[in-house]
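Here subunit A shows up in two complexes: once beside subunit B, once beside subunit C.
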Partner chain A sequence: MRSHHDMGGLEAGPVVPSEHDYAPWEKRVDALMMLLSARGLLKVDELRRNIEAIGPEAYDRMSYYERWITSITQTLLQRGVLTSDELGRRMEEMKARHAAEQAQ
Partner chain B sequence: MSGPATDAIPARFKPGDRVTVREAYPLGHLRTPFYARGATGVVERLCGAFANPEELAFNRPGLPAQPLYRVRFRQAELWADYRGPARDTIEIEIYQHWLEAAP
Partner chain C sequence: MSGQPHDHHVQGHHDHDHDHDHPHAPPPDADSDLTYHQAMELAVTSLLLEKGVFSADDMRRQIEAMDARHPGLGGKLVARCWVDPAFKARALADGSAACREIGLEIGPLKLIVVENTAEVHNLIVCTLCSCYPRMLLGLPPDWYKSRAYRSRAVHEPRAVLAEFGTHIPDDVEVRVHDSTADMRYLVLPRRPAGTEGWDEARLADLATRDSMVGVAFATSAG
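Our next item is the complex of A and B:
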């Protein structure tokens, strides 16, 4: 079975080069990856494996660093560094804080 | 990150040897592209021995280290409808456990 990411040789249409400045959150994702690697909490091969595990529809829709943060999160869940409950609650907190800031 | 010689699997192939990529489709994290499986090429060089990334991907040590080769294939060997010159080649880095001696 061919995995979705393993697309070498398939028709892909023309390559459209596009450059953009990295958004602050993208730089933070990169820094997070570096720090987690340095502390032995994530291997680059795990990052790749979890990127490849993203469902085909989401894989195609996500940007480069969206795939990274998804994969980093999965790895930390698998390693027991985070729990889904912690993550869910923290995301709710952030959402509420953001909404409060917008309301001001 | 070459593995220490004491903890590396001995190299079975040398430059010039003809090798066939195993036609295997297991689950897991695989470092051999789909399109190269089953193809026959020639060892161009031994790159060294490295912890097996297919194991590292599951946070296991991946030791003893696996020899990694750069293998040269004729494009026409990989793509049935290849229309470029017959001399065109592609080189792919492949771990030893994916390779068998070709007749």
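Our next item is the complex of A and C:
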């Protein structure tokens, strides 16, 4: 059965020749993939599998690097490099810090 | 498999005392709201820095290396092919080796160079994701990763090409190459007329990113 990400040959609308300069956070996600690969902590198959595991609705809603960071994070959790608890805490800290900086 | 692959961490952030600063974490991007996924990236990066998986310097160097990749590198390969038939033959036989021969870093990737001729026009796509000759062109444009391009390039390439303003005569065969993680393609566009005697650096400028993806021709000598 065809998976959602496997879209070659399907019907779709016109190609919109869009592009944007990559944001710093997107570049860091890209760099994360390269750094983790080089350290044997992420195989391209894992990156792919965990992208393919994203449900169709979420897949369509996410931007490209949002899929990547989701997949990278999932891989690190699966490998036990990170725990969901420490990840959750740190995300909350990052949000709080950002909010504080924005409020200044 | 859950449709929400990122719902694994919302619990458990009460009753802890993590109020210390994380000096190695990159700052949030200025002037924008922090999205869920941006917070995820910041959290993952800061945790990995803390665990010593890599250093801030490693991260910075990695980003600088990626920023340094641009279509001019692919243009260098194309220009050499245009001026040196023996080199072109080697590039078509083994793209990775040809890159190394002229000092282009290609890593372990298998690069396949496909040549446009009077009879054949080539187009590259990655239907599953976005595999792209990033070592030679830099990061791919958004449209390359779009649903429309990935879906349609393989079954109506002429229509897709027309949307880029690239019209392929009916008597020219269009070949579409679907990339994989381990195998990337680069289109060798046709050398524009009127460029006889041009040096390689000047020729390399005519080989645009889009021409090396195959959605456009090389810039004309004009």
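Side notes on the structure shown:
By our rule, the second predicted complex is superposed on the first by the 104 of 104 C-alpha atoms of A that agree within 3 Å, B and C clash if a C-alpha of one lies under 4 Å from a C-alpha of the other, contacts with A are read in each partner's own complex, and residues count from 1 in each chain.
As a convention for this text, a residue touches a chain if its C-beta (ideal position, glycine included) is under 8 Å from a C-beta of that chain, and two chains touch if they have at least 3 such contacts.
Nothing here was measured: the structure is a model prediction, and the numbers come from that model.
Here subunit B and subunit C are compared by how many residues of subunit A each touches, and C touches more. Within the superposed three-chain model, A:46 lies in touch with subunit B and out of touch with subunit C [touch as defined at top]. Contact with neither subunit B nor subunit C is seen for A:104 once the two complexes are overlaid on the shared chain.
Using the contact criterion defined above for the overlaid structures, shared-chain residue A:22 touches subunit C, although it does not reach subunit B. Contacts of A:9 after superposition: both subunit B and subunit C are touched. Of the two partner chains placed by the overlay, only subunit C lies in contact with A:32; subunit B stays clear of it.
In the superposition on chain A, A:85 contacts subunit C only, with no contact to subunit B.
Subunit A residues in contact with subunit B (one complex) as well as with subunit C (other complex) are 6, 8-9, 48. On subunit A, the positions that touch subunit C within their shared complex are 5-20, 22-25, 27-32, 34-36, 39, 41, 44, 48, 50-51, 53-58, 62-66, 69-74, 76-77, 81-82, 84-95, 97-99, 101-102. The touching residues of subunit B, when paired with subunit A in their complex, are 25, 29-30, 33-35, 53-54, 56-59, 78-79. The touching residues of subunit A, when paired with subunit B in their complex, are 1-3, 6, 8-9, 43, 45-46, 48-49, 52, 78-79.
The touching residues of subunit C, counted against subunit A in their complex, run 1-6, 8-13, 16, 18, 22, 25-29, 33-35, 37-48, 51, 53-54, 58-59, 62-63, 66-67, 125, 127-130, 139, 141-143, 145-155, 160, 163-164, 178, 181-182.
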